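Below, chain A partners chain B and then partners chain C, in two separate complexes.
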Partner chain A sequence: MRRRFAFLIFCIAFATMQRARAEGGSMSLSPPGTVKAGNAFAIQTTGSGQAVLYIVGLGQVIGRDVQLGETTFFPAGVLYNAGHYVAILVAGSNTDNTAFDVVPASRPASLSFLARPSRLSVGLHDGISGCVYIFDAYHNLITAPTSVSFKLSNPSGAAQERAVVAHDGVAWTEVDSTAKEGIDKFKAQVDEVSSTRVVEQVPGDPCGLKMSATQSGKDIELATTPVRDCSGNAVPDGTIVTFTETYGGDQSTVDVPLKRGIAQVEMPAHDGATISVASGVVMGNEIHWR
Partner chain B sequence: MLRPSSTPQAAVENLGDKIRLQAWGNAYASLDNKAQFTESDFEHDLTGYHLSLRTYATLESFEVRPLHASNNEAEVQLRIHWSSVVGPFTDTRNLRVVRNGDRWNVDWPLVKRSVVPPQVIAVNYLRWDVIYRGSGDDWGVQDVEAPHVRIVDMHPVQRAEGVVVLGELLNEDVVPAYVSVRATLQSKNGSPIASEGSFDRISHILLPKQVTPFLINFPDANLSDVGSIRMEPMSSLVSASADPVIEIENQQLNPAPGASVTGQLVNQSGQVVNIAHVLETLYDKTGQVVWVADQYTDRALLPQTPVPFDIHIPEDLARKVSSERTIASTYSVGGFQ
Partner chain C sequence: MMTSIGSMLVIFSVLVVPVAGWAEQAAVRVEPSNLHGPRTLQQETATAVIRDYLQSWQSLSSALEQNRAELLDQDFVGTAKDKLTGTMHEQAALGIHTRYRDRAHDLQIVFYSPDGLSIQLIDNVEYDEQIFEHDKALTMQRVHARYVVVLTPTETRWRVRIFQAEIE
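Right, the complex of A and B next:
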């Protein structure tokens, strides 16, 4: 809505200006070439008499009565949206206009930090990506080259760091997931401003899945050893382990979740049965029951 | 319209009509052995002692088939075809019918209520809950990651009814996933021919490292028109529980004719499972999936009480089947607690 209004004002002012130009007049204005968002600035005018000074940009319009020939001061915080602006001076049927830019403040105030994924397996090369957008206090994207540091640290204190220069307001990096499971902190920092995301590193596929069998009455009690991934991390409880017993053309299957690190089940004892264990696409050992 | 029960067949037909009308009192009153059980037992034998598919099923039709008869006694088979929200199921009872003067009465073979002995079953399996980011959170705020799933096998086959896409999907994450699979057949020039989802020939809830088969039907499609297939596995985080654990016992692959996989489901938890969905993955000698068949149990699964299943295999595929894998997904009223 604000932008539409600004556009409307701009059109009216531009039309007035064109007509006035045709009529001629002796006044001018000199805004600074660039203004930092939120900073104070001044516009010098020439000529004599009263006029109205309009400043029109996307999302912002300002109108001031001015005395021609004097300097008009705008305090800090008046212009804060970065972009291209037009200053238009209107005195009766006379007008003048000049364009200038409002640029983002150089001091970062906030970061939008996108870290993906928030959960991944251990030991993945370049498995974690971080992308940061840098904004000033008025939410303008700071497009000037800016140094950004990324740091992924795990609870033991080990860290991976990357220094990246942001271009056009954005910087990104990739880091490896570590060999140890846990909640890591992924931090992006520009000067004193930082943003932290949590990246959960979880165990990978089970490795060396092994079970043992013992007689328990008419049943066989099957239990795995504590299930770990290839880096030695304990595979989390709830992970499904499938036991399959094959005997004389028949088969019994049971999907058992890990509980306290092991999967345990009782299945009917059949002489000559072959029992296998698997989790996902990982096969474990086989037992021939006698 | 009830007819006089002047023949064994008429007596059974009358009973079938009364069951269809849910006239439990009349049906019970017509039984010869009603002194052996109550009307409530009779009703629940047919509608289920616990909430199950039977509870909301309606009798679609029934068939009466005389097996043999003498002057005073006959054996008649009653096949009741029920209609349920997940498809039809059939209840077959062989009934003894006895003569009482000029009338015949049915001796109802009551399937007694399974009684689970009083006991305490400790259940301490994991349960997962999910908290998503709030709608008012700023841009760039982190959300919980969707589960990582992967198709580990997929291939199309041509069947008389159209193209069928078969495969298996693995939840390779450490959190439970709600999954579905969508396939799009593309012509040789890359234009889409048809797009279908797996609907219920898949186990939608996958615990970590669990594998489900899937089957996607493309009726009337022709494989020779297909240049490629685009597969879209979808997953989202879902609250879930690792309980109940269902053991599948005595699985048996029965060869053609009448090829089937039979077995029993055993609920190892202490919670009643109201509906179980059994999915059968059939493999050839090379380990490739040749078919996915399924069945819903019409009776609730009580703790430690075996419930049989019998899943039909298409005759033409039965010869190719070398091994099978069965999984069961479950639904309990009230969800997990």
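Right, the complex of A and C next:
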């Protein structure tokens, strides 16, 4: 009688275990520790019966019906957003879970390149800055140290190059604006991926501003020499040149735009007058009229 | 209140993070900035960036718990918003939702772009992640992760543009 009772208890226990097993009671799962973004991977499960496998993270959520005891394959391109994930196996009231990480792909696919400013004067030290963020094909930031090449080149072929190592997905540099006006190309490159921005370099402030004066009846005819910046680039027409005549405590001022590279004006001729010329903050020569 | 910010506010730098009004509060430690960029970071800017970033955890938590993408609008933009929105749609399709509770942040601003249009910070964050299938709790995890975050200025605030967890 005692043996029959013990057998009955065993049978009940076994049946309970089997049912629990069927519901996934002894199930487990083994995802890889890390998955490279977009790569194929597999999750091995143990147990028997049907279950649902969830992969949950801030970047993505995936659900699959799975057969316990089998390997579930995830093809390339299914899980691609980098981040921390939890794989959860759910069978009835039983669950099991394991965390794993998706890391960015190694190969860069796109660059977010900001170059500033888009227009500036020639000859400015560290006048142009470039900042680049590096992404893989799934727009994950590639945070591993990565070599970035920056190159500013002008139409004549002259170039400034900088090699920078990106940290946490970002690299930056500064370069001088070149001596010659024109449209320069500012390029950031990582492996085969590049991004180019256009930077227009315009003449700087006038340099060595000089005028001459000649008598013209009762007036003085004033004219500048062709106005150039310190690198020899012609200052653009329309730039304002200011002539100032000081005589007997009075001062008269005339603003003249550059036309064909020079500015000219007539002012009253007064013996003892002082005439000066300027453009913006740049002072030119003075003439004392006798 | 879904996510929390700031009770045991431990300030290692001079930054002050306003935390009043948050029901559940995470410990927040702000390391002195370690910038590898040419642009000087003003204290007001740093304070605003930290404040806006911490608030983004609130909207993230609310949005993912309710599967309501519009709750991200105030604090997320660009890639970060797109990815979180995608996650919400996937959650909704599978009948699950997630509850994120940030417990501690250890923050450091590491990059301020020369043009002033992006700021990068590193957040060694600790948070609880609870996953629900309909109303059934499936699991709860305490997660320690290193987040790389890039914020960009918008009209009135800094918004999270890149939000990516790294292996610690």
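Everything that follows uses one rule, which is that the second predicted complex is superposed on the first by the 255 of 290 C-alpha atoms of A that agree within 3 Å, B and C clash if a C-alpha of one lies under 4 Å from a C-alpha of the other, contacts with A are read in each partner's own complex, and residues count from 1 in each chain.
By definition in this document, a residue touches a chain if its C-beta (ideal position, glycine included) is under 8 Å from a C-beta of that chain, and two chains touch if they have at least 3 such contacts.
Not measured: the values here are computed from a predicted model.
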{"item": "Which superposed partner A:114 touches (first chain B, second chain C, both, neither)", "value": "both"}
{"item": "Contacts of A:157 with chain B and chain C, given as first, second, both or neither", "value": "neither"}
{"item": "First (chain B), second (chain C), both or neither touched by A:60", "value": "second"}
{"item": "Touching partner for A:140 - first (chain B), second (chain C), both, neither", "value": "second"}
{"item": "First, second, both or neither for A:254, with chain B first and chain C second", "value": "first"}
{"item": "Touching partner for A:217 - first (chain B), second (chain C), both, neither", "value": "neither"}
{"item": "Which of chain B and chain C A:239 touches, first, second, both or neither", "value": "first"}
{"item": "Which of chain B and chain C A:75 touches, first, second, both or neither", "value": "neither"}
{"item": "On chain A, the residue positions that both chain B and chain C contact, one per complex", "value": "114, 116, 133"}
{"item": "Footprint of chain C on chain A - complex, ascending", "value": "34, 54, 56-63, 81-84, 86, 88, 90, 95, 97, 99, 101, 103-104, 114, 116, 126, 129-131, 133, 139-141, 143, 167-170, 172, 174"}
{"item": "Touching residues on chain C, where the partner in the complex is chain A", "value": "36-38, 60, 64, 79, 83-84, 86-87, 90-91, 94, 96, 98, 100, 110-111, 113-115, 117-118, 120, 122, 129, 131, 133, 138-139, 141, 143, 145, 148, 150, 162-167"}
{"item": "Chain B residues within the chain A interface of the complex", "value": "124-126, 128, 138-140, 142-145, 152, 170-176, 207-211, 242, 245-253, 263, 268, 323-327"}
{"item": "Residue ranges of chain A touching chain B (in the complex, touch as defined)", "value": "111-120, 133, 195, 197-198, 202-203, 205-206, 235-241, 244, 249-257, 259, 265, 267-268, 279-281"}
